Each structure stands twice: as C-alpha cells, then as structure tokens.
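Two complexes are shown next, each including chain A; its partner changes from chain B in the first to chain C in the second.
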Partner chain A sequence: MTFSLTISPSDLLLLLPEILLTCWLCFILIIDFSFPRLPNEQLAYFSIAGLIATLGCLAWFDIAGITGTLFANMFALDRMALFFKMFIVGSTILVLLASIDYIHRFKFFRGEYYFLVMMSALGMMFMASANDLLSVFITLEFSTLGFYVLVAYLREDMASNEAGIKFFVLGIFAAALLAYGISLVYGETGKLVFSDMTAVQATPGLAIGFLLIFAALGFKIGAVPFHSWIPDTYHGSPTPVTAFLSIAPKGAAFAILLRMFFVALATFKPIWILLLVAASILSMTYGNIVAIAQKNMKRLLAYSGIAQIGNILIGLAAGTKMGSDAMLFYLLTYLFANLGAFAVVIAVSEAIGSEEIDDYSGLGRRSPFLAFSMLIFLLSLAGVPPLAGFIGKLYIFVSAVKEGLYLLITVGLINVVISMYYYLIVVKKMYVSEPHDRSPLRVSGSIKMVVYVCLAGTLAIGIYPQPVTDWVVSAILMFSNFPDPTAALPVPPAVTPFGG
Partner chain B sequence: MLEELASTFPILTCILFLPLVGAAVLWLFDDEDMVKTSALTIALLELALSVFVLLRFIPDSAAMQFSEHVPWIPALGISYHLAVDGISVLFVGLTAFLTVLIVIYSWDTVRHQMKVYMMALLALETTTMGVFLSIDLILFFVFWELMLIPSYFLIKLWGGGAERHYAALKFVLYTLLGSVFMLVGFALLNINFHHWATLRHLEQTYSFDLLELLSVPIPLSQQVLIFWLLFLGFAFKAPVFPFHTWLADALLEGPIGMAVVLAGLKLGTFGFIRFSIPLLPDASKSETVVAITMALGLAAILYGAIMALVQQDFRRLLAFSSISHLRFVVIGLFALNYQGLQGSLLTMINLGFSTAGLFFIAGFLYSRQQSTQLGSFGGMAKRTPLLASYFLFIGLAGIGLPGTNGFVGEFLILLGAFKANWLYGGIAVTGVIFSAAYFLWYYERSMLGPLGKAVKDSISDLHPREVFIATAMAVMILWIGLYPSPFLRMMNGSVQALVDRLERGTVASIDSTQPVRVD
Partner chain C sequence: MGDYTLLYILFAPFVGAIALIFVSNRQAMLVRGIAAGSAFVSLLASLYLFYAYDHVKGGFQFVQKYEWSRQLGISFHLGVDGIGTPLVLASGILLFAGVFVSWHIKDRTKEFYIWLLILAAATIGVFMSLDLFFLFFFYEMSVIPMYLLLGMWGSHTKKYNEMTDPEGLKLRDSVGFIFNFGSNSKEYAAMKLVLFLSAFAVAALMGILLIYKYAGLNTFDILVLRDQAKLMNIPVLGTTLDKIIWLLIFFGFASIAPLWPLHSWSPVGHAAAPAATSMLHAGVLMKLGHFSIIRVAFEILPETTRELMPIAAVLCMFSIVYGGFVAFFAKDTKYVIGYSSSSHMGYVFLGMAALDYISLTGAVMYMFAHAMATGMLFAMAGWVYDQTHSRDIPSLGGLSNRMPFISGCFVVACMASIGVPGTVNFIAEVMIIVGSWNKYPLQVIVAVVGIVLTLAYLFKMMRGLFYGPMDQKYSHAHDAVAVADRLPLLIMITVSVGFFFFPMHLYNVVRSGVDPLIAKIIRVVPIASLERETLVMNGETTSASKTIDALVLTKTPSSLPPSPLRGLE
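What follows is the complex of A and B.
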C-alpha cells in the first residue's frame, strides 16, 4: 500500500477545526507557563473561548455543507462526523464551565487540567472522523491518553488513584485487544479503510478480529460485559471528569461503531444485530438493577449510564437509518440530562462536600433550584414526557418496533419501569426526607449557567423536537451518500420521512 | 367519527393550559389566602370555559369538534391534535367541575404547603384534561404519563396514612408498567400505518393520529396483539381486576382530593372507549377477547362487592365498591351494543358524581373524627343530620336508585348486557343487589342506631362550604337522574358511529386509497 501524502490548502480547510483547537491548546499551555499567577478563571474562559470558536467553525462547515475525505480515506468529514464533533466540543465547553469551581481542589497542575481536557476533546474529534482501522486505533488511544491523567487528578485521594489505576490497566488491555483485532482483520483482508471492506468474505479470523474490535469499543462506551471499569472510575474521578467521561467518549465511540457496522460490515447485518441485541439487553438490565442498590450519587449515575448506553444500542441494533437517527437524537438528549445531573452533583458537593444520596435529603428546601433541575434531569433520563428523554426513547423504540425486535423492546420497557424506581428514590430524598441541615446552599454562577443550558436543552428538545430530528435525519442522510457504499443503508421508500 | 369541525378560537388549548399557567402564577404568591383565592378563580374560569364548550357543542353529531391540529414531530408523525366529541366532551366538564369542588374542599383541610398543593392540583387538572382532549396517541401518552408526577407528590406529601410513601411509589410503578405496554401498542399501530402508507406512496408515512389510524385496515392477528397491549395499559390504570391492588392503597393513603380524581375520573375505561374499541373493532368483538374481559368483569363485580361488604374502613369500602362499579362499565363496553356503550359512558360520568361524592363525604367524616373506621362512628344522624342525609342520598345514587343518575346508567348497561347474553346480565344484576347490601349495612351501622362511644361531643354538622359541595353533587345526581336526555344527546352521535364502526370492522376502509385528509 503506497501512501503518498499530498496536502493542498483546500484539504487543510477540512482540518480547520482540529488545527484551530490544536493551536489553541498550545496557546493555553504557553499562557499557563508564562503567567503562573494568572487566575484560573481567566484560563478557563480562554479555553472556553477557543472551544466556542471551534464550535462556530464546525457549525459553519455544517451550514455551508463542507465535506470531504483526506489521507486516502483515513479521515472522513461528513455531516455525521460534524454532528459528533459538535456534540464533543459542546460537552467539553459545558464540562469546563462546570469545572471552574471544582478546580480549587487540585493542589497542582491546575492549568494543565484545561490542556488535558481539550486534548482529549481533540482526540475525540479525530475519532468522529476516523474512517479506517489505523486511525481508529490512533485516535482512540490519543483521546484516552488525556483521560488516564485526568481520572487520577486528585492526587491525595486514594479513590482517585484507584480509579486511575483501574482505568489505565483496563484501558491498556482494551487497546491491546483493539490492536490484535485490527491485525487479524488486516491479515485476513489486506484492507484497512471501512469502505473498502464491503465485499470481504466471512472467515473465522475476520470474525474474531471484529469481535475484538467490538470489545475494545464496548469498553469505551461501557456496555456490559465490558463495563467493569465504570463504577469505580466514575466514583473516584474528579466529578467534572466523570461527567466528561460519561458523555463525550460515548459519542465518539458510537461514531466509529456506526461507520464500522453500517459501512464495513453492512453485509453481515443479521449477525451483528444479534451481538448488539445481547449487549443492549445485558447493559440495560444489569445497569438498572445494580443502580437500585447504590448509595452514592456518582455510582448511581454510573450504573444508570450503563443502562442508557443499552438504550442507545437498541437504535444501533435496529440496523436502519431510522435507528441511527434515533441514536443520534438520544445521544443529544442524554448529553443534556446526564451533564445537567452531574452539574447538580458538582454544585451539591461544592456546598456540602458529599456525594452520598442520603445527603440529598431536603435539597428541595435547601436549594429549590438545584432540586428542581435534578428532578427534571432524572425524569428526562427516565423518559417521562414531555422531556427530551421521552422523545429519545420513543424514537428508539419506534425504530426497533419497525424492525420487529420485540424481545429487545419488552426488556427495554420493563427497564424503563425499573429505572423510574431508583430515580424516584432520589426524588423522594430531595423533596420528602427531612434535611440534616437546613442552611440554604450557595451555587456559583458558572455551575448555574451549565444547569440552565442543560435545562433549556432538556425542555426545548422535549417540547419542540422538530429542528433536532431534522438535524439528525440530515446528518445520517449525508453519511449514506458518502463516499460510496450507499447500498449499505436501506433508505425508506419515501424520499423524506418528514412529509405532511 | 372522521369528520372534523375546526374552531376559529383555540378554546381547547386554553382549557388545556389555563390550569398549568395558573399553577405557575400561584408560585408568585406567598400569602395563603391569596393562593387559595387565585386557585379558586382559576378553577372557576376553567369551569366557565368547559361549560362554554358544552353549550356550543353540537349534540347528536359524531364529528370531532373544536378541533386544533398542528404538527409537532413530523418525522414520527406526531401532532398536537386536540378535539372533543360525544365521548370526551362530558369528561371535560366533569374534570373542571370536580377540580372546583376539590379546591373548595381543600380550603381548610390542607394543613401545610398550601401553595404547592394547589399547584400540584392544577397541574393534575391540565394533565387530566390533556388525556381527555388528545386525539394524537403520543400526545395522549404524554399527558397520561405526566399525570403521575403531580399524583405522586399529592399522595406522598399530603396523604394521611402512614403507608403513603409506599402507596405513591406503587401507584407510579404500576401505572408506568401498564403504560409501557400501551406505548408498544401505539408503536405497532404507527408501524401498521407506515406499511400501509408506504405501499400507497403517500407523502406522510408515519402517523399517531387517531383519525388517520382509523382509516387504515389492520390485520386481525395484529389487532388482537395490539388490543392486549393497550388493555394492559388501560387495565392497570382503570384498574381492572386483577391489576387493582394499587387503587385501594392510593385511595386510602392519599389525600381526599387525589382520591376524588382517581375514583371520579375513569381514565382507564375512557381509554378503552376512546382508543381500543374504535381502533381495533375486529379484535374487540372477537370471541376470546369478549369472553376474557367479560369473565374478568363479572369476577370483579362479585369480588369487589364481597370485599366491600366486609370492610370496616369507609375509604376501603369505597375503593372496593369503585372496583365493582367500574366493572359495570367494562361489562357495558364489551356488550358492544348501543345501549351498553351509552350506559357505560354515562356510568363513567355518574361515578364522577356518586363515588367522588362519597369520597367527599369520607373527607367530611375524616375531618370530624380523624378516622374513617367504622368504630369511630355510630348514630351520627342524631348529631349531624345534614351530613347523614347527604350521605344517604349520594350513596343511593351509587346503588342506582330510580330517580338518581346511577339508575339511568346501570339500567342501560344491564339492558345492553342482557341483549348481548342473558348470562352476563344475570350475573351483573347480582352486583346491584350486593352494592345495596354493603352500602345500606355500612350506613346503618355508622349513622343510625345509638350514638357511638367514639363520636366526639364537639362534633358539628356540615358547614356552609361542605354543604355547597354536597349540594352541587346532589343537584347533578338529580339532574342526570330525572332529565338525562341532554347528556345522552351529546353522546348519541359518537356512540352510533362507534356501533357502526364495530359492525363494519377496519376492513371496510381497505378500498379507500387515500387516508381522509383532516386539515
């Protein structure tokens, strides 16, 4: 395979958001070293400004319809990649905003925190565009590198150290699986780019190779049975990092899964659907049942996150365009609800220094704003109408009913009831239990802003979801026309699903 | 049923959201009297709007009236579609009427957090109205689920019993369990429409709109599956025996206001007549479905009645009697003839006056004796003659004494049941006898005879606010009992359309290539 690298200025344009972010994070690092006395808030706002510029650039690409491929199809910029990039950058902005107060807990390297978060975001942006197995490996490891450090950032805290070790060991293990899987697939087919693999023959080696790759990506999204790192890592990490870890890498990994299943493995759809159905059922059931017993808010959200990933996998298991649209939609609702819930956890832990569910007693009286926001986020996660989560679940379930996946639907719906149970336990603590301490809580402005954005997102998508459905539908439409394996995606007979 | 009369002014939207907006406005007030007065004003305004709709409603028509239709999520065929027809219009009035009375009742019986209570109550009114007004299945589902949130807080925060936390959670989880199955049924209906529309290359390929779904044929096997999925959803809510256990807990532990809504507004059976029967006529009249629902119904009539007979607690008695009465409704529905359907609809409305009225009476008793156990009463008629007379009158309406509303409804149901099968009618009649037995026996032990030991010396008769509530109930009971024709005329058209639909089945619409456009 010859690899001639000629990059023209117009090619560089496709990389503009990534280049912008790279320059910006070097700039942040330089500023941090040059002005050690600079207050942290300033650095945070600098970083956020850079991210907002990147987001603006991505939005411009999306509106102007700038798409293309680079480096012999290694890097694909289509509307789906743009969706995921905006998803990642948007969540990074919110996470950085939510970190501003929390950062005082770090004794050292406060400036580097911003650098590492943005570096992970950069890695994930590349993940969203990864179009062959090599770039999957490189980008995935690049983004995880930042997380290895971030997870163990609370150096004095044993739990954080434990989380770091656990995440690192299992992460390396997953990377090894990925590398092994890629080598098997390459050995069997001699191909690396997803779109070249459409015509490959099924062989045992290929099957094992893809199973290993799926395992590595399953580790990334935290689907059962690759979830074992999640509870302890989420629990021990600094809370903003947990929030980041629970959202952005999921989106990036789903971008890869979508490309892998719909482009490279489109012909084997009947087989991988079974795999996904199994992973989805296990994730939903395990996550929800174990969440019932949790006493710690972060662990509860960790297990509920595993269950939510199971829900998203339903959309992937449907194996249709509608299912993928529903996945993108669901991810967006999950972003707002989950990040909002974590923002409330950060705010509460800043004020009372605890993340135990028991200490949320009487939150409704101590801080009506935080309690109400938490209520909305939890109900959205549970899928109560008319919040965003409900529309997301509805979309996912309709796409699966259409494919006749009744077992999956039944398990999914029973899980909705189970999840309602533990979300209501938290609600009961906040609104009915007597507080241990009646003093009102102080909430800082930056956290408030994150909560407001997430509230607005959760309510707006729930009440008027049409712009978002249009967006996700068009994001996946472009993907199917790109670069050649259009046959992989069964486009519904009606040209556009939003008539009438 | 497919015809629509749009209105120029979005009055149904006003009815739907006025209480919710009102609840938000209440948040601004701190003064308790101010809160109460504004809540009452909002409830009265809502009642006025509902009465206006009732007056302008064209009787003897099967058309959907005051229709409002805006696309909401076109990608999935979900729209914001509100309308009333003969089936739903009376429920709108009933909801507004009961809410006014609950606000009046709660005036001095709610002891803490009055503002939040009134907000929850008004929010509950919006969601209930939404259930009755929605023509789109998903919109219906949204309100159906949203009802749980104010209900949860009402039972949990203002319930009287020690087990209220358990009751609130049980209520939410049971209803949710049923409704997730219902959602699958809705999704199947949508997919069925999708297949049909795709074959005909229609522009719109997804729809959750009742009127559009009505125009599409559904294979019988599919219909039966969907019927049972919807059945689970409605049966849990109704609640139909054997899914009824949450009701007794919620009625007993929750506040009186919540009990009035749960017992007075028959959302579950409304779901049957609104969606199950018209959408799935072939399944509804298939032998197994009729046999199973009838068997469950007859079993529950007897079970509820016998359980009610042995209860010591008045609220528990009411809970079981309401299970027993509800089954009359189901018997009437699945008699699947004109009289049966009409009787069921009227009985659903009647229960809003008689059973809900008895719950108010239970509330009056509770606020006097801090208990509804039989042991705390006895010979009350001597001390509280007014209370005892209203108690008797509303109770007799519940039994179905001629001259009261209960008689008209039950008579029609029994007529329909006998017409369908004499066995159904025969067993259902025994339910009437049982209900007379348990009510009169309880009444005798609590109100008549020598004065009970536990009756407080300071006990007082009804005060003006309570008299107002009881009189309002009594007037409605007499009105429907003596002159039911205005109420029946409102239903006639829609009930006739439903009977026609049952005869034709969904197959009749196969010939039409275009769904009926309803813009």
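What follows is the complex of A and C.
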C-alpha cells in the first residue's frame, strides 16, 4: 500500500480548521513562556478567541458545503465530521470558560493547561474525520495523550493522581486492544479504509478484530462493561477536566462508531445490533442503579453519564438513518445539560469547597440562580418536558420503535423512571432541605456565562427543536446506503377539524 | 379573542410565570398581583371559550395548528371539543381560586406562584392537545411542579411529626420510606407521587409509540390517527395488538385518575400538598387521567374500548367502596378529602364504562362538578390548617364559633360533594346512575351506597371540625374576612350552584362532544366481518350487488340467494 502525498493548496483548505487550531495552540504556548506574568484569565480568553475562530471556520464550511477527503481516504471531511468538530470545539470553549475560576487550584503549569485542553480538542477533531483504521488509532491516542496529563493535573491531590494512574493504565490497555483488533482486521481483509470494507467476508478473525475495536471505543465512551475507569477518574480529576472528559471524547468516539458500523459493517447489521442492544441495556441499567447510591455529585454525574451513553447507544442499535439523527440530537442535548450541571458543580465547589450532595442542602435559598439552573439541567438529563433531554429521548425511542426494538425501549423507559429518582434526590437537597449555612454564594461572571449558554440551549432545543433536527438530519445525509429521508416520509393527509 | 382563545388560555399562565422570574420576592403584592392577573386572563378567556363554543356545530373548535417537528411528524395542534371545554373552564376557575387561596404564603412566594402557574398551564395544555406528543408533553410537564410544590410548601403528617426526635430520625426515615404506616414526610409523598405517575406515564408512552409505529402514518396527530389508523387484528403475543395498546394507555393514564389498585400515591400526595396544590391536584390533575383515556383510547381505538371497558366497570366498584371506607375511618382532614376524591373518581369511571350517551355526559359533567366541590373542601381544609396548624380531626372541634363563614361554606361544599339537589353534582350523579343502570345495575347500587358513605364521612368530618367543644388553644383562630380570602370560595359556590339552575349550556356542550364518540363506539361494525363482506363483494361483483338491491326492494324471503351472501344478512 503506497501513499502519494501530493497536497494541493485546495486540499489544505480542508484542513484549515485543524491548521488554525494547531497554530493557535503553539501561539498560546509561546505567549505563556514569553510572558510569565500574564494573568491567567487573559490567556484563557486568548485561547477561547482561537477556538471561536475555529468554530467560525467550521460553521463556514458547513454553510458553504465544503467537503472532501484527503490522504487516500484517511481523512474525510463531510457534514457529519463537521457536526462533530463543531460539537467538540463548542464544548471546549465552554469548558475553558468554566475553568477560569478553577485554574488557581493548579500549583504549577497553569498556562499549559490551556495548551493541553486545546491539544486534546485538536486530536478529537481529527478523530471526527478518521476514515480508516490507522487514523482511528493515531487520532484516538493523540487525543487521549492530553487527557492522561489533564486528569492528574492536581499534583498535590491523591485522588487526582489515582485517577490519572487508573485512566492511564486502562487507557493503555484499551489502546493495546485497539491495535490488536486493527491488526486482525487488516490481516483478514488487507484493507484499512472503512468504505473499502463493505464487501468483506465474515470470518472469525474479522469478528474478533472488530469486537476488540469496539471494546476500545467502548472504553472511550464508557459503555458497560468497559466503564470501570469512569467513576474514579471523574471523581478525582479537576472538575473542568471531568466535564470535558464526559462530553467531547464521547462525541468523537461516536463519530468513529458511526463510520465503522454504518459504512464498514453495514452488511453485518443483524449481528452488531445484538451487541449494541446488550451494551445499551447494561449501560442504562447499571449506570442508573448504581447512581442511586452515590453521595458525591461528580460520581453521580459519572454514573448518570454511563446511563446516558446507554441511551445514545439505543439510537446506534436502531441502525437507521433516523437512529443516527437521534444520536446526534441526543448528544447535543447531553452536551448542554451535562456541561451545565458540571458548571454548577464547579461554581458550588468554588464557593463552599465541597462536591458532596449533602452540602447542596438549601442551595435554593443560598443561590436561587445556581439551584434553578441545576434543576433544569438535571431534569433535562432525566428527560422531563419541555427540556431538550425529553425531545432527545423521544427521538431515540421513536427511531427504535420504528425498528421494532421493543425490549430496548421497555428497558429504556423503565430506566427513565429510575433515573428520575436520583436526580430528584438532588433536587430535594437543593430545595427542600434546610441549609447548613445560610450565607449566599458568589458566582463569577465566566461560570454564569457558561450556565446561561447551557440554559439557553436546553430550553431552546426543548421548546422548538426543528432547526436542530434539520441540522442533524442534513449532517447524516452523507451515508450513501440511506435513502433520502424526505422521500420516505409519508405526507400526513389533511383533515377537517370538525370530524364526526 | 376569536381564533387565538386557546393560546391566550394556555400561555397566560406561562407568561405570568416568566414575568415572575424577574420580580423580587420582597415585592409580595406585585408577585401576587402578577399571578392573579395572569390567572384572571386565563379565566376570562376560558369563560369566553365556554360560551363561544358552538354546540350545534360540535366537533373540534378554536383549532390551531403549527408544524413543530417534520421528522417526527409532530405538530402543535390545539383544539377543544365538548369534553375539553368544560375541563378547561374548570382549570381556569381553580387556578384563579388557587392564587387567592395561597394569598398568605410567606416562604418563597414568587417561586410558589411560578410553579403553581406552570402546573395549571400544563394541565390546561393536556385538555386542548390534539397531538399525542403534546398530550404526553403537557402530561409529564404537570408532574414535576407537583414535586416542588409538595416538597417546598407541603406539610408532614401528624404521625411523622410525632416521630421526630434526634435518635429516631434515622429509623423514621428508613421505616417511613418503605412501609409508611401513615407516617409520611412530605418528601416521601412528593417522591412517591412523581415516581408512581412517571412509571405509569411511560407505560402510556409505550402505548403511544406503538400507535405511532403500527399506524405507519408518521404522525402523532390524534385526528389523523382516529380517521386512518388501522390497528385492529394484528396478532401479537397470543392476543391482538390493539388490546395491548389499549391496556397500556388505559392503565397508564388511569394511575393519575386514580383507579383503585393504582390510587395509593394520591391521598398521600393530597395530604402533603399545600391547599392550592391540592385543589388543582384533586380538581383537575386527576381528571387528566379520564380525559386522556377518552381522548386517546376512545377516539383511536373505539372498538377495543367497547370490548375492554368492562375492566373499568369492575375496578370502579372497588374505587368507590374502598375510598369511601378509608375516608370514613381517616383522622386527617386531607386524607378524608383525598380518599373521597379517589372514591368519587370511581363514579366517573362508571359513567365512562357504561358507554352510554347519558352516562358519559354525566361523567364529564361530574368531572366539572367534582372540581368545584373538592376545590372548596381543600380550600377550607387548608384554611383550617393555616389557622390551627392541625389536620387531626379528633383534636379539632367547635370552630364554627370562630369561623362562621368558613363553616357555612363547608356545609355547602359537603352538599355539593354528596350531590344534594341545588348543586350541579346532583345532575351529574343522576345522569351517571340513570345512564349506567341498564348495563351495570350492580355498580349503580354500589355507587348509591357510595353516596351514603360520602354523606357519612363528610358529616362526620364537619361535626369533628366545626361543632362540639373547642380546644382553648384554637381560640386565636379567625374567620376568612378579607375579600381575597372569601373570593375563591364564593366563586366556586356560585359556579356549583349556578350550573344547577342553568345547566343547559353545559349539558349541550358536553353532549356535542359525547355524541359522535359514543356513536362511533357503539355502532362500529367488527372489522373481521367487514373484511369478509368486502371479500364476498369482490368475488360476486355486480350481479351480487344487484341481488342486494333486489333483496331490499322486494323483501321477499323466497328470493334469498345461495350461500355466498349469507354473511350480509
């Protein structure tokens, strides 16, 4: 297999967002070294400016419809990749905004924090475009590299160190699985690009290979049974890193899963549906049941995150155009609700220095704004109308019911009720329990901004989802094996309002 | 007004709730003013709706339709028929009355009114939704405000408070949570309510999703599904699909109604709730169940309804008797009213189960009448609790000296709840009993026994509260004298009595909604025989139809054609 690496300027255009971000993160590093006295906030706003420029560039690509492939199909830039890149860059912006207050807890290397976050974001942007197994491996490891450091960034804190080691050991193990899986698949088929594999024969080696790749990606998204790193890592990491870890890598990994299952393995759909159904049921049930027992807010959100991933897997298991639309939609609602919830956790922990659920007692009196925001985010995660999470769940369930996955929907619906219990426990603490201390909380402007953006997203998508739905539907149009969805929709016939 | 009436009714409380966010809690009068103002707009619009509804034309009126999601086939489709209209009016009245009943809430006034307005608006939304998605959307939306209202402004039961001591705290919470021997904390009540209703709501959602899938029309629109969905005779799991859907929908929504084995959340929730919430809860929230069953099961699956509705006829007996007996022995005022509500909802199920024009009209009118009666009772139980901080009937007594106005209204409310002539409840009860006598005589006898029970427990409670010796510690209790305190009771009494003397418009409106529904349910030809007919007709083509004409014209038995046409006789 030979590559001809002749790149024309028009090809480089496709890489423009990544190039922009690469230059910018080097620039941030240089500024940090050159001006050690520069206040951290300014560095943060510099980084955010660069990310906003990248986001603008991606939005321009999306509107102008600039797409294409590079490096012999290793790098695919299509509407779906653009969606996920915007998802990743958007969440990075919000995470950096939420970090500004938190950064004083780091004793050393404050400037490098921004560099590392942006570097992980860059890796994940490449992940969203990864179109063959080699680039999957490289980009996945590239993005995880930054996280290995970030998770253990609280150097003096034992929990953070423990989190770092757990994440590192299990991450390396997953990488080994991935490499082994890729070598098996390559050995069986002699192909690496997803779109070339559509006509491969099913062999045991191929099955094991893809199973190993799925295990590595399952580690990344934290689906049961590959979830064991999540609670401790989420708990120990610095909270903004936890927020980042709980959202952006999920999006990037789902991009790869979509390409792998819908392009490379489209012909084996009856088999992988079973795998996904099992993973989904286990994730939802395990995540929700264990979340009930949690006493720490970050751990609660970690387990609820596992359950949410189970919900997203329902859409993947549906294996249809509508299912993947629903996944993208759900990821967006999850982004706003989960990031918002973590932003509130950061604000509370800045003010009272605790992340225990018991210390949220009386938050409704101490800071009505934070309590109300937390209420909205938790209810959106639980799936209560008129919030975004409800529409997301309904979209997922509708896509699954069309495929007749009744078992999955039944389990999913039961889990909605279970999850409501532990989210409401937090609501009860905030609103019903009396506060231990009545002093009002101070909330900084940057956190407020994050919370406002997330509140706006959660409410707007919940009240009028049509623009977002249109966007995700057009983002998935690239899969050739799906018919045009607008043709498949039967037009509801007109009715007279005064029927008998 | 005009076409947009429904939007005014629905969005006035929402706008009020949003406006309240920007008001400080210190300006208490402004907060109350905004709440009362938005409730008043909603009430006026619903009064207009009620009197502008054209019962001669019937059908769904004031229809609004906006596309909401193309991919999912959801439109924001509003409209009311004769069944929804009176319930919208009842919600409007109870919301307005509820704002005044909660006039003296001091703790976090603003938040209270925000959640109360959202609760009422969501309830109203269900009554006017013509899209299954939005029906469920508003239904779910009404549950969460209940949690916050109960949790933040509710009250524990007496037994729970008695168990309060530093050592017993742990035991109280754990034992109370699992077995709750009448010792409920408000948190327990709120959590039970939300989980119970959500659990059954997802069953209903499953039913809705099945309708969506098997109709195959890619729409949630009730009118389209009603006219075009073909859900009959699809075999699944040894029975047919329509039966499974019907059971999911029926029990999913009957939990909020609350039908007998699913009722346990309801009295607990009533007891813990603040007065205005109990009013809305018992007055209109419980009717969401009956209404949704009528709107979804009756409209979309008329034939299955005819087949399976006897289930409701059996269960409603237990509802009536069980609720009545527990209410008789309960010692907590709110438990008495709560169980009496769940007992009275049995009458509505009886009226629905009989599938008769008169009985279903009576059932809908009873929902309206019961909203007023139970609203009054809860408002007054709330007043007594505010004055005495006790809901324990044996420890209360003799309050009529202290509060003559309240005790006078209480007599009227008891009359209304029992169904004494002079209140609209009487008309509704008689219609239910007359309408279902032919089909379910046993249930009617039980219902009459239920009325006697109602008489017994309400009079027992009235004597316990207002007559007999008074404990001196209640000597500071005072009557409702301010206009704001008397207004809600006077409104509800006026409505209750007024519709007894002028019931025709209410009757006509309800009847215009009931007629097409019952006609469809009773007269539907079984699909199986219909298919056989079409088969035969296709096989015989023109000569057969000519023979039918001949048959009809001559009416001579001798000219009967041979076997293939036997099925048509």
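One rule holds for everything that comes next: the second predicted complex is superposed on the first by the 478 of 500 C-alpha atoms of A that agree within 3 Å, B and C clash if a C-alpha of one lies under 4 Å from a C-alpha of the other, contacts with A are read in each partner's own complex, and residues count from 1 in each chain.
The rule is simple: a residue touches a chain if its C-beta (ideal position, glycine included) is under 8 Å from a C-beta of that chain, and two chains touch if they have at least 3 such contacts.
Please read all numbers here as calculations on a predicted model, not as lab measurements.
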{"item": "Touching partner for A:431 - first (chain B), second (chain C), both, neither", "value": "both"}
{"item": "First (chain B), second (chain C), both or neither touched by A:414", "value": "both"}
{"item": "First, second, both or neither for A:402, with chain B first and chain C second", "value": "both"}
{"item": "Contacts of A:178 with chain B and chain C, given as first, second, both or neither", "value": "neither"}
{"item": "First, second, both or neither for A:469, with chain B first and chain C second", "value": "both"}
{"item": "Chain B versus chain C as contact partner of A:351, first or second or both or neither", "value": "neither"}
{"item": "Overlap of chain C and chain B interfaces on chain A (superposed complexes)", "value": "325, 379, 384-386, 390, 394-395, 397-398, 401-402, 409-410, 413-414, 416-417, 420-421, 424, 428, 431-432, 464-466, 469-470, 473, 492-493, 497-500"}
{"item": "Touching residues on chain C, where the partner in the complex is chain A", "value": "57-61, 63, 67-73, 79, 108, 111, 133, 137-138, 140-141, 143-144, 147-148, 151-152, 186-187, 190-191, 194-195, 198-199, 202-203, 205-206, 209-210, 212-213, 216-219, 221, 223-224, 226-228, 516, 519-520"}
{"item": "Complex contact set, residues of chain A against chain B", "value": "325, 379, 384-386, 390-391, 394-395, 397-398, 401-402, 409-410, 413-414, 416-417, 420-421, 424, 428, 431-432, 464-466, 469-470, 473, 492-494, 497-500"}
{"item": "Chain A-facing residues of chain B, complex", "value": "71-77, 138, 141-143, 145-146, 148-149, 152-153, 156-157, 165, 169, 172-173, 176-177, 180-181, 183-184, 187-188, 190-191, 194, 198, 201-206"}
{"item": "Touching residues (chain side chain A, partner chain C) in the complex", "value": "322, 325, 364, 368, 379, 384-386, 390, 394-395, 397-398, 401-402, 404, 409-410, 413-414, 416-417, 420-421, 424, 427-428, 431-432, 464-466, 469-470, 473, 485, 489-490, 492-493, 495, 497-500"}
